[in-house]
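These notes are about the structure you will find just below.
Each chain carries a letter (A, B and C) given by its place in the written order, and its residues are counted from 1.
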Amino acid sequence: MNAIEVTNLHYTYPDGTHGLRGVSLCVPEGACLGMVGPNGAGKSTLLLHLNGILNGHGGVRVFGKPVHEDLQAARQIVGLVFQNPDDQLFMPTVFDDVAFGPLNLGWPEERVREAVTRALESVGLTGHGDRSPHHLSLGEQKRASIATVLVMDCRIVVFDEPTTGLDPRGRWEFIDLIRDLPATKIIATHDLDLVRELCDRVVVMDDGHLVAEGPAADVLADQELLEEHGLAKPLDG
Amino acid sequence: MSPCDHPEQATRRALARRVDPRVAVVCVLAFVTVQAATPIEEWPRFVAYAGLLLIAVIASRVSLVWLLKRLALALPFVIAVAMSTLLVRPSADSAVRLPGTDLMVSGPLLILLASVAAKATLSIVALSLPVALWDFPVLVRALQALRIPRLFVMLIAFMWRYVYVLGDEARRMVQARDARSPRGRLVRRVLVVGSMAGSLFVRGYERAERVGQAMVARGYDGRLRLLVPLRRFRAADAAAVLVVAGALCAMRLA
Amino acid sequence: MHIPDGLINDPRVWLAADVVAAGTVAYAVRRESRALKPEEVPLMGVMAAFVFAGQMLNVPVAAGVSGHLLGALLAAALLGPWRATIVMTVVITVQCLLHADGGFAALGLNVINMGLAGTLVGWLIYRGVRAVIAGRAGVLLGGAIGAWASVVLGALLVGVEIGLTGQTDFVTPAKALVIVHVPIGLLEAGITVGALAVVLRARPDLLGCAPRGAVEAVSTAEAAP
């Protein structure tokens, strides 16, 4: 079964900018999909449709069900990790932030506490629950952001540029964390090595279109394609 | 940027931390209001207030230097009133002789000077204690438990979180400006700060839109749900309430 | 201009101010809560942070002297009068409880002088000017006059409040405070105009103006006219 099915999706921002100009995409359950493309290609715009935050023309289905039929259910299935931790972490403490989603789902207090403890442990932030997000390092902030989504036991986890700004060690820690995550994963990124490391399939986006799709090894080996969409430096001669 | 000075380590082991923050906040606000409502002419009461506050300060283990820095906030007002006491020529019926000198000053202004000096000092010191003892998130929880309107609790929580983010941006802008050309005509300097404020606003606005999206993505529907660890009231809480309430009553009735 | 406890020595004056301020803010909360969409709550919270952080942007005026934005009118122009009232109340309350800046008994006085004077009266002036002068010029001129007036009115109110205690006459403190605040108001007007100009360029929709051509990116200090 397909975890995500997007058919002919169009989206225009209120100021007239075309974010998406007809995108179709299938992600099978259990896959790890990489999404690459230059700045402004429409990656973030597409991701915001996957749990119904934006509502464009066209269809978005999650496990066969249209997202807009039951938004709350879709948001429980699809977890979204935003690019900037300052957007993702908005509560006074890390604990409150991680507990935010579960409390909105109406979980009982005991279950919330257990889940938060487990999520913090899985990202290596045990004992940091009482700290304020702005006092964490960027790497810790990124991991806390991931915990806010892991805690909800989402079957699909979507990452927007998860490794920008991380130092090499933080980047490797992230890769290890994601590799073991038992969920369908979609990762929008400029980090081609990350894609090579983690993803089985890759889509290339440019200017609101999906311009290529295929197994990661093949797409990343297509020098001409990468050059055309600004993902690799043209080779001389 | 630090929106509040952080509690010093010493206060972590203070006796006053045994009191529930909710109780402490209520006691402090009651104390501040009662002392502000006391006529300054009844000065023995202020000695008693100061004594009560001194006990709380000692039990909180806050440093004198830190308190003095905060007290500096009231200084401009004390100076302004003191200056006007000396400069304003008193009317015949309200003039009093300044003890030990030939100076005639206005009686009501002298009272005003005593009032602002005494009440502002007591108020600032008292208001400083909860901040010194507990981290801000704990105090937000206390406010929530005290049934402050939910919208206010949410706004205060967001504000505190994003003051750091926007404050950092503001500081970087000021640094970038000062690194280039801090001078220029005053009008231009003012307009430059204006456009920095405008940029700060636009960025803040767009950040708020993204924060809203991140909240909605995690099932937010307009109701903020927080786990408030409601501790049982303990002996220390009862003692604090009794001491403060008893002392305030006694001072009002005496 | 944060009034500390004790400056207004007569409890009747500050109690009355507390009641007036609480009533007005309660009305604003009830009125806005109904219309508030979920994602507008973080917006107001971030705006409170903006007013707080905006006060860190200092203008060096002369050696050792600098001024900064107070922001009540700017908040009202961008959020509307009632939401700005709530935001300014939150800012002033947190400044009182966190920094001990401004007294607690005097909170109502401070909310009136630094909040309501700008978010309601200043805003009325701003709307009035915009009703007469259309378009961007109206926004900027209305912002300038409204901002100046809100600061001077706030100072005048402090003077009146001191007078109400009966310890001095009404005229002396009011005159002194207004004289000092006329230039401070000009500073506020200048900063407000600079800020509104940037918002007009980047997000004219937020001020109820039509976009002028393509949306430009906002840069930092270079955006100065």
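As a working rule, contacts are C-beta pairs under 8 Å (C-beta built on N, C-alpha and C of every residue); 3 or more make two chains touch, one makes a residue touch a chain.
The shown structure was predicted, so the numbers you read here are calculated from the model rather than taken from an experiment.
Participant: Which chain pair shares more contacting C-beta pairs: B-C, or A-B?
Facilitator: B-C
Participant: Quick one: which chain's Cα centre is the longest way from chain C's?
Facilitator: A
Participant: Roughly how far is chain A from chain B, centre to centre by C-alpha average, rounded to an integer in Å?
Facilitator: Each chain's C-alpha centroid was found; their separation is 42 Å.
Participant: In whole angstrom, how far does the Cα centroid of chain B sit from the Cα centroid of chain C?
Facilitator: About 19 Å separates the centre of chain B from that of chain C.
Participant: Hey, what residues on chain C touch two or more of the other chains?
Facilitator: 42
Participant: Of all the residues in chain A, which ones touch at least 2 other chains?
Facilitator: In chain A, 90 touch at least two other chains.
Participant: Among the residues of chain B, which ones contact at least 2 other chains?
Facilitator: 136, 157-158, 160-162, 165, 207, 211, 213, 215-216, 220-221
Participant: Can you name the residues of chain A that touch chain B in the complex?
Facilitator: 48, 51, 53, 72, 75-76, 79-80, 82, 84, 86-93, 96, 99-101, 103-105, 109, 112-113, 130, 132-134, 148-149, 152
Participant: Write out the stretch or stretches of chain B touching chain C in their complex.
Facilitator: Interface residues on chain B, with respect to chain C: 1, 3-4, 29, 32-33, 35-37, 39-40, 70, 73-74, 77, 81, 84, 88, 106, 108-109, 111-112, 115-120, 122-124, 127-128, 130-131, 136, 139, 149, 151-152, 154-163, 165-167, 169-171, 173-174, 176-177, 180, 182, 186-205, 207-209, 211-213, 215-216, 220-222, 224.
Participant: What does chain C use to touch chain B in their complex?
Facilitator: Within the complex, chain C touches chain B at residues 2-7, 9, 11, 14-15, 29, 33, 36-50, 52-54, 56-61, 68-69, 71, 74, 78, 86-87, 90-91, 93-94, 96-101, 103-106, 165-168, 172-173, 176, 187, 190-199, 202-203, 206, 218-221, 223-225.
Participant: Touching chain A in the complex: which residues of chain B?
Facilitator: Those in contact with chain A are residues 135-137, 140, 157-158, 160-162, 164-165, 207, 210-211, 213-221, 225-227.
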